[in-house]
Structure formats: structure tokens, C-alpha cells
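What follows is a set of notes on a single structure, which appears directly below.
Chain nomenclature is as follows: A, B and C, assigned in order of appearance, with residue numbering initiated at 1 for each chain independently.
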Amino acid sequence: MADGILVKQLNAWFGVTHVLKDVDLSVTPGGLTAIIGPSGCGKSTFVRCLNRMHEVIPGARATGTVLLEGDDLYAQDPVVIRRRVGMVFQKANPFPTMSVFDNAVAGIRLAGVRNRARLREAAERALRQAALWDEVKDQLGRSGASLSGGQQQRLCIARALAVEPSVLLMDEPCSALDPIATAKIEELMLDLRRHLTIVIVTHNMQQAARVSEWTAFFLMGELIEMGVTKELFTTPRDSRTEAYITGRFG
Amino acid sequence: MTTRGRHVKSAAIGGLTAVAALVVVTPLLLVFGFLLYQGAAAVNLDFFTHLPKPVGEVGGGMANAIVGSLILLALAAALGLPLGILGGMYLAESQDRRLPLILRFLADVLNGVPSIVIGIFAYTVLVLPMRRFSALAGGFALAVIMVPIVLRTTEEMLRLVPRTLREAGLGLGLSRWKVAVRVVLPTARAGIVTGVMVSIARVAGETAPLLFTAFGNRFWHGGLDQPIAALPLQIFAYAIAPYDDWHRQAWAGALVLIGLVFVVSLAARVATRGRYSAAR
Amino acid sequence: MERHFEADLQTVRERLLAMGGVAESMIRQSVQALVGRDESQVQAVLAHEEQMDLLCIEIDDRCFTLLALQAPLASDLRFLVGGIKINSDLERIADQAVSIALRAQGLITQPEVKPLIDIPRMATLAQDMVRQSLDAFVRRDAELARRVIEADDEVDSLRDQVFRELLVYMMADTATIPRALALILISRHLERIADHATNIAEDVIYIVRGEDVRERGDKELRKGLRIAAH
């Protein structure tokens, strides 16, 4: 089940620094939307506002409306929100004291699920969805941190999927990985959409072009342009978008 | 600087560090060696099983003091560890501006208070109202010494856990305290255990506070609200007495005390060893 | 690892094959219109023309999109660039077939100049070349592509033969000149179709091996020599 997101007049600050300015954006349900832009343009901050991780940082705040299938995210308990909107981070961060199995089910076990059969079933489902099952099914007991970088990231994806969110946010998920691991995760993203709404932040434009259906270009905290990926990359409407895409930037 | 000059300098510093390490380790080895030499003869089964003999008689042991020390350590741990660890968690996870600062300062101050002063404090707070010396008072005094040590090391170890792990936990839709207890704490476990070990080693040998709280006992204690024997107290008593036999037993007591701390540390390490512990 | 990109490439492959199939039909039907004096075949060819135009635009758009969004390299890049060129050649083949059909339409109502032997033969050869060049494309068979390139010579010599024979008829009876000229032009169209099939075969070799086997220089030289011999 995939949900759509509607963002209206989103503003965000770190202390007094205004990092997101009046952002209006709509994320299509069941699709894959990419957020691109140069360093410091606010794309990570934007995505973290979608699951209220932004406000966890001391001194950070955000105003505006973020609607998830009509529900105002900022009017609800953030803990509940984060079960509907999952997140995968730039550097894979499996829990080091837990095994592969424990990592995969951490989200649901620590939320109270005890039934071993349910946990096993959830682990297998999540690990299959993350295209990791075949590689670890005989070694579910090994340490989560003993996997390779690409496998660790897929484990983190499985961990996020086990909670069965309707939206998955990915903040530069491949930037710490080699090309082969990156390719595997891109294929995974293409398989996951439809069941899920996916929003990825990437500084790699080719990646955005390869996997996304919609692309949004941010610059200095503002949303400059958003459109169907093919159109944005072949005939962008804004000259700043064109300058960034063609590398004539800065 | 020439290549040769660099090599010479490097070798010189290396040599100096080796010498320094030796200088540090030597007293430790000397002490232990001396203890072994002096006390090994007196350490026998009787030592562990018998009560002290009356003045003048040869033989006997320190069974009550050994058990007493263990009980006092257990009491101190029961009182001090929860406070210290929870306090450390609060300091590490809290996003408040002022209270943690004050707490930290107070803990550091407490750390520096002489243990005899803490003994007097425990005397005033527990011994006087109860009108008797007791194991409880002794355990309480030791706990007060333990808390700041455990608190600060726990806080430091928790801070070492990378922010990304907390984010991962939060991102899964877990509440902050759940993340703190089920994710951060287990990751820092090895370091926290080390802090606990350090505090136990510190208080195991404390004599001054026990002087007017536990007080010591020639026999088995009659209950936790009664005076109780402890190894440091017994060693002190025997060491200043004029009897050779007692001197020998004092050495044995010191040896056993060090051995006790060693065994407790080892046991705790083994018991809390996780299958995949994070780096310290 | 199965790539989603593979599915997109396969779609381009299938669309090109579909286009090739239509092109072959158009060649066959246009010559059938001539040989069988069949008006309905002319209409059939014209109906296919629109279909070909749509396919051409679709394939160009797909290839362009894939080039823009996937930034392909190596064999994938050669495939897409080659695909765009093959697309263009197939479209020209269709145009030539339409021209044949239109000329045939003009000849249907008029008496035959001579029994048609070489022109149908040329048509069969041209069809075969188109089909085989597309087979080579699908099977990534550079050898088959090379044979297609060599077969071009036979088509060229047939065109010359048609020219010589009809020249005799034209000199014998000037009234046959308009009809004979139409036939000569039809043979020219068929020869052009064979050339385009040859281009497709060259593109296939480029896609498969990365070799550019165009011998433009040689070809023009050989053509020049042949014309001079007339």
C-alpha cells in the first residue's frame, strides 16, 4: 500500500539559519521521486521533514503542512509517523550488537511483537523484498556488522521494510557503496515501487535519471523545478535546472 | 632533518616509551610479587573457612571478612549501579540545557571527596538514627563512592555510540527511551561494564568509610543491620597488632582481596560478553 | 543480474522487428501490385505507410529516452545508436516501397512491355536482404550480416541487366519509353531498398563488433565504373 504526500509551504530552520523556503511539492503515490541538487541545497533536510527526523536535532524546527494521504504529519505523534514513513540513511547503520535476523525484525520486535513465528515470517519477507534473503538465509545468526557494505545497506532496507511503511525515504543510500552494490540497490528500488512510495535524495544525477519517475530540483533551500524525469532531464524549463544538469554549475 | 636523524629520534622516543612502560609496570609487579611471597604461605583452606581465633591463639582464618566484603560489595552494587547507570543515561540522552550541566558538576565534585568524609556522612545519616553499625551503612557508604564513577563512565560510553545508531532506531518508529535502552545501552555495554569494574575495584579496598559504618566483626554478622567484617578492616586490624601470625594472615588477606577483585572482574566480563560486542 | 533496463532494450528490439516485418510486406505488396496488376495491393502499401511513420517516431523516442536517462555504455550504447540508424533505414525502405506502388499503380492500366522476370527476382532478393539483416540484428550474427552486404552486388547487377534489356525495347519501339522508364525507376527503387538493407547489415556489425565497415569510398568507385560501362 503506497501513500502520496502533499507538502505545503514547508519552511525549516537550524537555529536561525533558514534552510528550506516555502516548499510546495506533491509526491505521487506508488512512484519513485528523486530529489536532486548541489550540496547544501536542503534536499536532505527536506526529506527529514517528511518523517519528522529534522526536529530531533537540537535547535532545529519546521513549519508548514505535510499531509500523508490527508493526515497532517505534524499533528500526530512522531513515533507513529515514523512507522508509516520509513527511512534508510547514507551510511548503512545496522545495530552492531544484533544478528542479521535481529536487525531485520528490530523495528517490530522492539515495538512489542513477541511471537517467534510472526517474527520469522516477517524477517523472511523483509529480507526477500530487500533482495538479501538468498545471501543470508543460512547465516541469519551472524553479526549484522559482518556483512559487506552493500549487504549492510540492504539489511537496513529490510529493517525499514519489516515495519511495513507506506513510504520509504532514502537519503543518498548508495553514496558510500561501490558501483556493483549501487546497481543492486537501484534494481531493488525499481522492484519496490508500486507497493511503496519511494523518495530518494541523490547527488548522482544519472542515478536519478535511471530510477525515478519524478524528479525535483532544489537550490539554496528552494524548490526550483519538479517534473516527469524524462522531461526534466531532456527539456528542463528553468535555466538553473539546465545549468545544474549539464554541469555548467558554479 | 636527515633520514638518519629521523631514525635516531624515532628509536630514542621508542626506547623512552618502553622505559616508561617498564617504570609503570614494575611497582605493580613488585607489590604483587611481595604479596605472593609474604602471603602465599598463610593462604590455606583454613583461611577461607575459619573465623579468626581469639588473641594469642595461632591459626584461624578470615572467612567472615571474605564473606563480609562480598556482601558489602553486593550491597554497594545494588544501591549504586542502578543510580549510576540511569544517571549516566540521563546525562547522555537528555536534551536539556541546564540540569545535566549541574548534575555533571556535582558528580565530579563527589568523585573528589575523600572517602573518610563519605564515611562520616553515612555515619550521620544511617548509623546514628539506627543506633548501631551495620552492613547496610557500609554498603551505603561504598555506593556513594561508586555512583559518580559509574555515572561518568556510563555517560562517556553512551556518548561514544554514534548518532547514526540512534537515528536508525528513531527512524524505525521507536520512542527515545526505547532507543536508549534497547539500542544504545547494549552497544555501549562493554564500556559500561569496564566502568563498573573500575568502581568495584576502587571500593573493594576502601577502609576508611567502613571504619564507622560496617565497623567490623570478629564473628559472623547477625543480619544486614548488624556490624559486619570486611577484608580491608581485618587486614588493618591484624597489620597493626603485635602478633606475627596475624601479620602473616594480613598479607594473606591482602592477597585474597586482590584476587577477589580480579575474580569479580573476570566473572562480570564473561557474564556480560555479548555475541557481537561493539568496539569499546 | 536481471536489469529493468534489459526489458526496455528488448522492447526496442521488438519494435524494430515489427517495423522490419511491415517493411517486408510493403516490398512484397508493391511488386505484387505491379506483377499481378492489383490495385488493392497498392492501397495496402499506402495503408502501411502511416503505420511505419508511427513506428518510426515511437522507436526514435524510445531510443532517445533510453540514451538520455540511462547513459548507456559499450554494447548498450552501440545498440541504441545502431537502433536509431536502422530505424531510419527502415523508414526509407518504406518510402521506396510506396514509390514502387505508386508507379505500379500507373502501369496497371497499360499493356505490359515485356514479361517481368528480373524485377520480381530483385524484389525477392531485396526482401530476403531486409529479413536477413533483421535476423542478423536479433541474433547478433555478424556473419549473416556480412553475407547480406555481399548479396548487394547481385541486386546491383540485376538493376543493370534490367536497364540494358529495357534499353533495347525502348530503342526498338519509342512508344514503350514511358512504361519502360517507369520499370527502370522501379528497379532503381528496389536497388535502393537493397542498399538500405546493406546499411542495416553494416549497423548490425557495428552493434555486434564495434567495427565500422562502411566502404563508401569503394562502393562509389564501383558504381561509377559500372555506369561508365553502359
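Note that in this section contacts are C-beta pairs under 8 Å (C-beta built on N, C-alpha and C of every residue); 3 or more make two chains touch, one makes a residue touch a chain.
All of these numbers come straight from a predicted model, not from anything done at the bench.
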{"item": "Busiest interface, counted in C-beta pairs", "value": "A-B"}
{"item": "Taking each chain's C-alpha mean as its centre, the one farthest from chain C", "value": "B"}
{"item": "Centre distance in Å when chain A and chain B are each reduced to the mean of their C-alpha atoms", "value": "47"}
{"item": "Whole-Å gap between the CA centroids of chain A and chain C", "value": "51"}
{"item": "Cα-centroid distance, chain B relative to chain C, in whole angstrom", "value": "93"}
{"item": "Junction residues of chain A, two or more chains touched", "value": "none"}
{"item": "Contacts with 2+ other chains: residues of chain B", "value": "none"}
{"item": "In the complex, chain C residues that touch chain A", "value": "1-5, 64-65, 68-71"}
{"item": "Sites on chain B touched by chain A in the complex", "value": "95, 162, 164-165, 167-175, 178, 182-183, 186-187, 189, 274-278"}
{"item": "Residues of chain A defined as touching chain B within the complex", "value": "51, 53, 56, 58, 79-84, 86-87, 89, 91, 93-99, 106-107, 110-111, 143-146, 156, 159-160, 163"}
{"item": "Residues on chain A engaged by chain C in the complex (per definition of touch)", "value": "183-184, 187, 190, 206, 209-210, 229-230, 233-234"}
